[in-house]
Amino acid sequence: MSAIQLTDIVKSYAHGPQVLHGVSMDIRDGEFAVIVGPSGCGKSTLLRLIAGLEQVSGGDITIGGQRANDMAPQDRDIAMIFQNYALYPHMTVRQNIAFGLELRRVPRAVRTARAEEVAAMLRLTPYLDRKPGALSGGQRQRVAMGRAMARDTTTFLMDEPLSNLDNALRTEMRTEIKELHGKLKATIVYVTHDQTEALSLADRVAVMKDGHLQQFDTPEAIYDRPANRFVAGFLGQPAMNFALARDLPGLRAPGDSIAGLRPEALSLHGTAPGGPALRARVTLSEMTGSGVILHCDTDAGRMTAVTPRHALPPDPGALWLGFDPARVHLFDAATGTRRPAPAAQPHTANLSA
Amino acid sequence: MSAIQLTDIVKSYAHGPQVLHGVSMDIRDGEFAVIVGPSGCGKSTLLRLIAGLEQVSGGDITIGGQRANDMAPQDRDIAMIFQNYALYPHMTVRQNIAFGLELRRVPRAVRTARAEEVAAMLRLTPYLDRKPGALSGGQRQRVAMGRAMARDTTTFLMDEPLSNLDNALRTEMRTEIKELHGKLKATIVYVTHDQTEALSLADRVAVMKDGHLQQFDTPEAIYDRPANRFVAGFLGQPAMNFALARDLPGLRAPGDSIAGLRPEALSLHGTAPGGPALRARVTLSEMTGSGVILHCDTDAGRMTAVTPRHALPPDPGALWLGFDPARVHLFDAATGTRRPAPAAQPHTANLSA
Amino acid sequence: QTDTTTVEFWHSFGGSSGAALDRIIENFEAAHPDIDIEAEHVGNYNDIVARLQAAIPANRAPDAVIMEVTRYGLFADRGVLLDLTDKVAADPLSDDLFDFAREVGVFEGKNYIVPFNSSTPVLYYNADILDRAGFDEEPPLETYDDLLTVAQQVQEELGDEGIRGISAPGQFARWGLIMANDSDLIDSTTGEILIDAPNTVEAYEWMADLVHEHDVASPDNVTDEDTGKEDFLAGRSAIMMNSTGNYGESKEALGDALKVRPMPCNKVCATPIGGAGIGIIASAEARVQDAAYDFISFAASPESNAIWFSETGYMPINRHTADQQLAKDALADKPGIDVAINQLDVARGRPRPPVVTWMRATEYDMWQAMALGQREVEETLQDFAEQTRREEQRQN
Amino acid sequence: MTRDRMLTLGALAAGLLFLSPVLYSIWMSFQTANAYYTGTLDFTLRNYAVSIGDYGFARYLMNSIIVSGLVTIAGLAMATMAAFAFARWTFRGGNLLFAAVVATLMIPSHITLIPNYLTLARVGLLDTYAGLILPAISNGFAAFFLRQYIRGIPRALDEAAYMDGATPLQVLWRVIVPVARPAILSMGLFIFISEWNNYIWPLVAVSDQDLYTLQIGLARLYKLNPGEGSIDWPLVMAASTLTILPVLLGFLLVERHLVRGITMGAVK
Amino acid sequence: MSAGPARARRTGAARQQVLRRATPYLLVLPLLAFIATFTYLPIAMSVNLSFREWDFLSPDKPFVGFENYRLLLTSHQFWNSLQVTAVFALVSVPLRLVLALAIASYLVRETLPARVLRGALFLPAVTSTVAIGVVFSWVFATDQGLVNGLFQLLGLPKVTWMQDPQLALWVLILVNTWKQLGYDIIIYIAGLQAVPGELYDAASVDGGRRFHVFRRVTVPLVMPTTYFLLVISVIDAFQVFTIVDVMTRGGPAGATDMLVNMLYRVGFTLFDIGTGSALAVLLFILLITLAVVKARVIGRKVHYDS
């Protein structure tokens, strides 16, 4: 049992402002929970509190059903992977992987065997006698994983474990971690500020901002029904377009609503389409391989749209961005919280824009 | 005139192996040329040779029509933006921007005015009196740009200027650089190993590998008609799938050909479609927001496919990946060079797979 | 004036001694307006020797210099010092100098320095301490045994208060105690090395036992000789044998409790003459040498010598010094200041061949080893004598 | 809170104990000589008045500041220039030259004492400020240390400056020196302190009292009395306290930079 | 060579090229000129003098071959000094390093008490050695000394700290350590601060036995600092002079006669420049050898790139 329960966690650092303002989360046994949020929102702090590297200022941490507030890190039976891997530079890969066991007084023979077993699982066997300095970024990352896995635990904390890798490697390692989670059936709490990682890895994603938990739900729910404007804007690449609801044609919404339109929900038309649409002038188009990102000026402000390259209208200088009012997200202008989906207005409104 | 001509550039470092093996490129005045390639392929070296920070071992560099091999960096009238920005940590933003002018003995009043003008252009005015340590990553990046822009030159070299920014910021800055290029009409040589950057920014992309230039062409040409298997695999996200041509149904190609299929060229079907297709078992699906990346096992090996989330077949465990033989890339198995596009075989072949 | 002759003069006197010297120089310059004495306090005798040695190859030697009486031999031998024999002979002053004072400046038959500050060791004791230790009247302080008896009684009575019976003798006093045992380190006339002579051995045995065997002297005094005096001045030691030049300071510290007695006479009465004289550098210009000699002569005059004697306690070197009013006053006001003078009959100069410098430097180590009980006295001295003979040979 | 306060008190106590010898010497400097010898208590400021007035410590202080200051400045300048070259260029003979610089660390100053004295005498520089300063300027340790530090500064900074049009000297002065400031400051402090406490060389090289530095003044005071005299310890301690003060002030001023300055250099 | 305009055009660039090549040499020139004049020239002179007999005074300096070296190498004093110096180094270097590391690992925190203590610990390092020697001579005096005073209060017998040949060396080692410790600690603090905190976090999550982590993580990771301090403190140990000169002058009976003290005595008290120079040369050779051996044996093992 390695479920983690956070109840009203409050944290202030000595001589610092309050960093966490009552965060509650129920992480289920075997779940892959990802915490995302902008820099400085308290993600690492939360993780370090779970690990026991920091003490909570208020609230309760329960790990596997046991209150853990006052347990020392080593008693929490948790493995952690750090952003810079925190590999011991003077130890070989083998020693790095076995060090956790050494600290727990596991006999040498046993820990060596375990290190080799883990290394084999991570395809690190050829590098067992190298030091971290002689490994590539991806290999180092795997050693860090190996060190955590060597410990016989089912709870892993990972603080931006991929942020130091380049794009290609990151994609690859992401896949590996995901597969590993499947194999190990471990509870994983994973911190990142990369939304692609968050969405692709998580069973559930926790979005944080300024020490407050915004939403904790499945990636689909987060993406399709963001709890507020912040969550909506934070996840999605390119980011969601926002406009005043009243500037959008064909939308029936309270006057002080903000409308959110995901770029992929905008359809491109050379001429005014049948449904609600905005007239747009393309200021910049970026090729991304198969697709194109179009940056446009519209009557409702700047908008980004994406489209497959082959679907690009012949004259991309001026075009219409069509949208389906049912796919528009609505948020309270003042509080930012989500409002129920809008209903379409009578079609004529479109022409009045 | 600030065209840059590289002719048979050869470079070996003292006590090192040869790094560049005869690279020739003609970069046109006002062009945005992006050099991509895996780590260690010699991108930075090439840029540093143009800048004059290193001496060529062979070949000629011509800048603005003048042979530049023996010119000191300061005589080449080139501005450079470094990967970590290389901002002077002890100078304010204003001083950083004006330093190049100061060294060129521009009077104080003039250079201050120029610094402020540049800062305004980059929305840095509020930060003019801060030191780099007190700026965010994106702001630092802009200061680095500003420093280059303050110099009255029309040739800019940039070595992975965005690699230290997080994803969101990178996207934003990418847009800004692209817009700036439009405004300044400058010749820009831009190094990156990020293919998204390469494709979206470049007028022409140079792909390098192991000190050899692989292809130097427009993004569309590079993406649609990669010169060889390396280029094909390097650009595209997720990467192109490769398989033995003979393992693909419905393809008429020489026996030793490698076939390349871009993930977005694969269509997903719950049941065997009409055209050529591969039966696939999904091993992992990653949510990316609006879309999903599917990792599949097929008879032709592992394949990656992408699809909008809403287009996902109801039972994603087993499905068919359909493809259009006309969109298959063919490469020589031995040399990797591109072969003419294949022709489709009679339709029956499909069923034999 | 362009004719002024400047004499650069290095000396070793600071504090009240320095002030006395300054007065003498002032008087001299008043009497010789064409001569300017540029005096510099260089440091102690060792510093002067070191500075001079370094200065000579650099051609930066002064014109006149104070040199300790056992250590000028090296410089005389190497031709650094001017042979003053003729000048002294032609100077009426020479008749007024005490014999010891003339003799001290002679090396291998030639006169190289004229004494300025001369001293012998004397025996100081603290009457208060002896009183408290139960000596109603002054005990005899003639022989080694006398001294040991007193020291032991003091230590027995007052040891608990941290008071020692005696300060371990410094090198000057050791030399004196050896002479008092009818021996020497190097024979002053023949130059024979007497370090391992039986009487020398006996003397060292007695001295070492003060520390090592009887524990009446502090081991601190052995490793740092200055502490011997500090202890005595601070009333932590009953007896000190040390140069008469310490009179002024001791008087100030102990007042009437200070008593001064001649050095003990264990087998014979004999005591070394210490102090220093002024020499002239051979490479100086003749005109400067003459001027320098004028100053030397003036400094040895009764008037100057009286100033010096009364201020410092150093012995008079001029027979007529005692006639000066200043000296008379001093003799009257300062009981004990005359002890050294009275002891002069048995005082003698010490040898000054070049090897002495080496021997004196090495003696400290040997003394420490013996006094701290690390080496047998006899064996040590034989080894020491051996080495000294070898060194003497090497130097010639 | 109380635990904190107790720790602070404990640290203070430990510090005081550790410093007791220094504190004792300061305490001693306020005693009269007589009181010191006789173990009584009698306080006075006379020792300071005497050492400053009669013994010229004001002048010595100025000399020490001039000499140590110039040695520090010139030493830092040369060491920084060389360190820059060793850190940034690979040039023929460079390794050998660097080894020659580092090897000076192994050379006890006493070896060079006599020959340097003879050399300076030959060119007539004894008894001048130059004679005091010149032999002390070259500092292999500083060059070694700063080179290590400069190697930790991203080379891109130099290159950016070259691209901006700087000459090597401009790069050094306008970029490297400001960036390496913590290291240069702490090295400066080290040089200043060691020159301030240097006493064998000034003792040998200077006979003109007007050129005495504090340490010779101190040593002279210590050996002031002729062969048979005794040492006025309280006076010596007053003088010694005077010699400590300026360095202590300097230390407190740059303490903040000290650790930061050492960090990169020492550890790489 | 080619003549004409082509060449003329090249000369400008060529001159620049030459200037660029010369830059590093010009930059090291001042330092090296001074080092050559005031360090290496003296060594050459010392080597020359070591083959001669001279007392500073005689105008001539007769060549005596290896006589000075022979005398030295056959003298009891030289071997005694070498042994004393070696013992001093062997004891004081590890003592300094161990104490400094232990203290530094407590003072590495940026708390007020830590900073106060750091300042206190550094003070002796900036205090004049002469003054320190004087005060400690008193502290360890047999009769009036502070330590023996305390011993007496505790009913312990007096100890002859400075007179006992074994103890005297230990006292010097102690005083020297006391003086130098501040430097070592500051440098260790710098080294410790460079160890990424994450490594400790990782160890503490993994099982955090404090001493074990210190031994297996901290100690190896500050190895570069240790090496640096090792080099410095060994050099220091072989050059220690002033404190010995002030406190014991090499005594009692040669028990603390370090090589440099012997050098000073032979050269400046006994004015045997030839032998003094020979000793200087031997000392120099010894230090260089030590440095090379150290670099060979451990220098290689201490650098990790991560």
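As written, the chains take the letters A, B, C, D and E, and residue 1 is the first residue of each chain.
In the analysis below, contacts are C-beta pairs under 8 Å (C-beta built on N, C-alpha and C of every residue); 3 or more make two chains touch, one makes a residue touch a chain.
Only a predicted model underlies this, so the values are computations on that prediction, with no experimental measurement involved.
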Where chain B and chain C overlap in contact partners, by chain label: D, E
Chain E and chain D - chains in contact with each: B, C
Chain C reached from chain A - shortest hop count over touching chains: 2
Distance between chain centroids, defined by C-alpha means - chain C, chain E (Å): 39
Euclidean distance of C-alpha centroids - chain B vs chain E, Å: 54
CA centroid of chain A to CA centroid of chain B, Å: 25
Multi-partner residues of chain B (at least 2 other chains): 72
Overlap residues in chain D, where contacts from two or more other chains coincide: 114, 118
Inter-chain touch pairs (all): A-B, A-E, B-D, B-E, C-D, C-E, D-E
Residue numbers on chain B that touch chain A, as the complex places them: 39, 163, 166-168, 171, 174-175, 178-179, 193-196, 199-201, 219-220, 223, 235-239, 262, 264, 284, 286-291, 293, 295, 308-309
Partner chain B, residues of chain E touching it in the complex: 13-14, 16-17, 20
Chain C residues within the chain E interface of the complex: 46, 50, 53-54, 56-57, 74-75, 78-80, 162, 164, 218-220, 222-224, 227, 231, 236, 357-358, 361, 364-366, 368-369, 372, 374-375
Residue numbers on chain D that touch chain C, as the complex places them: 34, 37-39, 114, 117-118, 121-122, 126, 204, 207, 209, 220, 223-232
Chain D - residues contacting chain E, complex: 7-8, 10-12, 14-16, 18-19, 21-22, 24-25, 77-79, 81-82, 84-86, 88-89, 91, 94, 97, 100-101, 103-116, 118-119, 134-135, 137-138, 140, 143, 168, 172, 193, 197, 199, 215, 218-219, 222, 233, 236-237, 240, 243-244, 247-248, 251-252, 255, 258-260, 262-264, 266-268
